[in-house]
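Two complexes are shown next, each including subunit A; its partner changes from subunit B in the first to subunit C in the second.
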Partner chain A sequence: MHQLYLTVGPTRFRLASTWRRPLDQLAALYKDYPTSQDGYADFTVRLEPEKPWRRYFRPSVHISGDFWLPDAAPLPLDQSLLAAEMGMNLQMALGWRRHLLLHASSVEKDGKALLMTGLSGSGKSTLSAMLAEKGWRFMGDEFALLNPDTGMAHSFPRLISLKNEAIAAMQAIVPENRFGPLMKGTPKGDIRHIVPPLDAVNRMVDAAKPALLLFPRFGHDPALRDMGKSEIFVRLTQASTNYVALGETGFRALTQFVDTVPTRAMDYQSGDQAEELIDSLWSKLP
Partner chain B sequence: MSQLYRAAASEGLIQHPLDSMTLIFQKSSGITHMVVDPVPAILAVMNKDALTAEDIAGRLSDSYDLEDSGAAADIVLARLVELCSLGLVEQV
Partner chain C sequence: MMRDAQPLVDALREPETVLSLDGAGWTNLISIARAESLIGSLAHRLAEIAVPEQVGPILKDAIQATDLARQQALWEADCARRALAPLNCKVVLMKGTAYVAADLDAGVGRSIGDLDIMVAQDSLPAVEEALLDASWEWVKPDPYDDQYYRKHMHELPPLIHRDRDRMIDVHHTTLPLTAKPTPNPQAMLDAAIRLESSLYVMAPADMVLHSVAHLFADGDLAGGLRNLWDIDRLVRQFAEADEGFWTELGVRARLHQLEPHLARALRLAARLYDTPVYKYRAGHAKFADYLYIRRLLARDGWGRETRKFTRQAFYIRSHWLRMPPLMLVRHLWTKWRKG
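Our next item is the complex of A and B:
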């Protein structure tokens, strides 16, 4: 087994793989991230052949680790980077208990965090990647980590995962040397990863106070809509992977978040429209 | 004789009002219940006492302007049955 230790935000991963290639790809893309020196890891992700002969013959990658899903379909070897990223996300979603996890992207400015959550296709990942190129600090495109004691948002700035049309949109503003390989025809469509800006990596232990939550929705006339606290609470319980597991701690953290963080639903049809709407809200924050 | 009901101990519940609903987190089960009026009021007037639906409707009428106390007791009874199934109220 080949191994790679990787630290993303507060989490230390050990990645183990039958093949060298996925770890070489990861090591290149995560070259500026800290590695664990003491061999300790919060989670292990294993990339192994589904059957022994599938190491060589039509090689396919089966994701396993400390936490895993029994019905997860294996991926072809040329999508092993995606498998590793999915494996790391899975460990966080199913195993992390130190923070309340929200399935949300987040960016920071002036010590304050903007969180964006919504269904797949809402554009939350692309918006965070776009804002990261325009003066905001990228904190993560997959999970926002809320500290239950302080209410602060913590960063989990793994590679930014772009899908389909978002790839070309980001190629217009991000240099080619920050892109990973294009993976065509994955279960999620075409996927290409971007390495976050160096500032996001260097400052990944810096927490930020949640200041605005958005529920973006791509493909509709630009609009902002107020939301009732009950609707926000229900949608955030759906967006959290560990709300139930955290019990009373999760309840107190989430109700405090809903009570204190201004929230809007945001419809938009382009990145420029979204940026304009976000700037208008951000400038009015206390 | 009418059925008596007692609410779960308030120390085991965390109530948190939002706009149109009230959240009730039940520590023993870890379940978050979302309830609407008049459930929070029913739980509040029950306190720790064993009461019938009529008793509860009577206590509610002390605090709220109820038009028909008979209908109110029916509504309270329907909510009590639901609250029993959630484990927030038990039959005594």
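Our next item is the complex of A and C:
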């Protein structure tokens, strides 16, 4: 097995793969991230053939590791970069306990964090990528990590995963050399990764105080709506991968978050509209 | 790269062995321990060891995760107790839930999945009905599987709770009815010990023997290292508390037709975990012990299953032990046709 160690935010991964390709791709895209050469890791991710003969013949990549799902579908070898990213996400979602994990994107300005959560297709990932090019520090497009003791948001800035139409939209503002390979026809559609801005990588251990939570929704007339605390709470329990696993700690962290962080539902039809709405809210924050 | 699970066994047996590990060695150990569901037990075992700062948080996570597993297991047991209370029948907790309910060393850091209980065979229909009334549902709606369980197995088809998403296995004995040894379930129920909660756990000797039966006569040794660790913890604690334990264990092993199985389990536990065993119960080493050890340690430092041939042989053997040959052929044929 080939291996590669990667550090993203607070987490150290050991990736092991039957093929060199996904690890070479990862090494190139994560070249500015800190490397750990001491051999320690919080999680091991494994990429292996689904069956022994599928190493060479119509190679298919089975994702597993310290934590795994019994029914994970294998991916073709030309999507092995996606498989590696999914493998790392899986370890976090099922195994990480040092923070409450919210399935949310996050960006920071002036030490304060903006979190965006919502269903797939809400545009939270694209919005965070866009804001990262406009003066905000990118903290993550997949998981926001809440420290249960301090309430602070921690960064998990892995590669930004763009889907379908978002790829062309971001190609307009991000230079080509920050893009990974285009993977067509994945289970989630066309996918292309971008490397976060260097500043996001250099400052990935800096925490920020959560200041605003948005539930963006793409494709509707621009609007901001208040939400009831109980609705916010329930939707965040659904957006958290480890709320149940943390038990009482998770409950305390989440209720404190809902009690203290201003929250809005935001409808928008374009990046410019979203940016305008976000700026209007941000400028009124205490 | 570590080629087998020996480092995990060493760390559990003698925690000081981890002091010689480098970073990669630790990462291997952790992957193996997670794969064998022994990470919580390992974390507790290393409580007194000065581990590297990169490792401390991983072990702390494992302790917290198993603390929660304990709490959830006890809650699940209490849910079952309340559902079955009107029936006034003995409900005996088994495996992990029993170890934590009785506050035994074997429960420290143990991962616990399903709730396993045992009731008298003649109260099965009432128990089934009471659980269905209390929002448990069938997991396997397949009629062949359902019939198979009811006719040949030692437990009802598994039930899952609609809201809590937790499984319960209701046993009426400890081994499939088609297996060769026939443990005496009535004797187990009669000797069971009542806890404060009014739930029961098996008496010490029976508890060890159930773990032994589970390890050898019912399965392909998957999870075997953990099962053997349970046996190590139980035997140490019971033998220390009661000097009549070894005698009682012999009497009960004969009663439940598990003498050779017990002997092998004790030899393997002594070999891997240095379990202090009474030599007349453990008997003489056999060549097959070596194959069992090979199978139990079949995992590499990436956390992968290894020794495919040995694993496959034990898998086939497990079916062989569960049912007579003709029945096995019929069963596999039906399963194969259903894909």
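Going forward, the second predicted complex is superposed on the first by the 286 of 286 C-alpha atoms of A that agree within 3 Å, B and C clash if a C-alpha of one lies under 4 Å from a C-alpha of the other, contacts with A are read in each partner's own complex, and residues count from 1 in each chain.
The rule is simple: a contact is a pair of C-beta atoms (placed from the backbone, for glycine too) under 8 Å apart; a residue touches a chain by one contact, two chains touch by 3 or more.
Since the structure is predicted, the reported quantities are computational estimates derived from the model, not experimental observations.
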Which superposed partner A:Gly39 touches (first subunit B, second subunit C, both, neither): second
Subunit B versus subunit C as contact partner of A:Ala73, first or second or both or neither: neither
First, second, both or neither for A:Leu198, with subunit B first and subunit C second: neither
Contacts of A:Leu119 with subunit B and subunit C, given as first, second, both or neither: neither
Partner chain in contact with A:Ala168 - subunit B first, subunit C second, else both or neither: neither
Contacts of A:Ala16 with subunit B and subunit C, given as first, second, both or neither: second
In the superposition, subunit B vs subunit C on subunit A residues touched: C
Which superposed partner A:Gly247 touches (first subunit B, second subunit C, both, neither): both
Touched partner set for A:Thr237, first subunit B, second subunit C, both or neither: first
Footprint overlap on subunit A, where subunit B in one structure and subunit C in the other make contact: 247
Contact footprint of subunit B on subunit A as seen in their complex: 228-230, 233-234, 237, 244, 247-248, 251-252, 255, 258
Subunit C partner contacts - residues on subunit A that touch it in the complex: 1, 12, 14, 16, 38-42, 44, 46, 48, 65-67, 95, 97-98, 245-247, 249
Subunit B to subunit A touching residues, read off their complex: 14, 16, 18-21, 23, 25, 27, 30, 32, 34
Residues on subunit C engaged by subunit A in the complex (per definition of touch): 1, 22-27, 30-31, 34-35, 52, 54-55, 57-58, 61, 64-65, 68, 71, 302-304
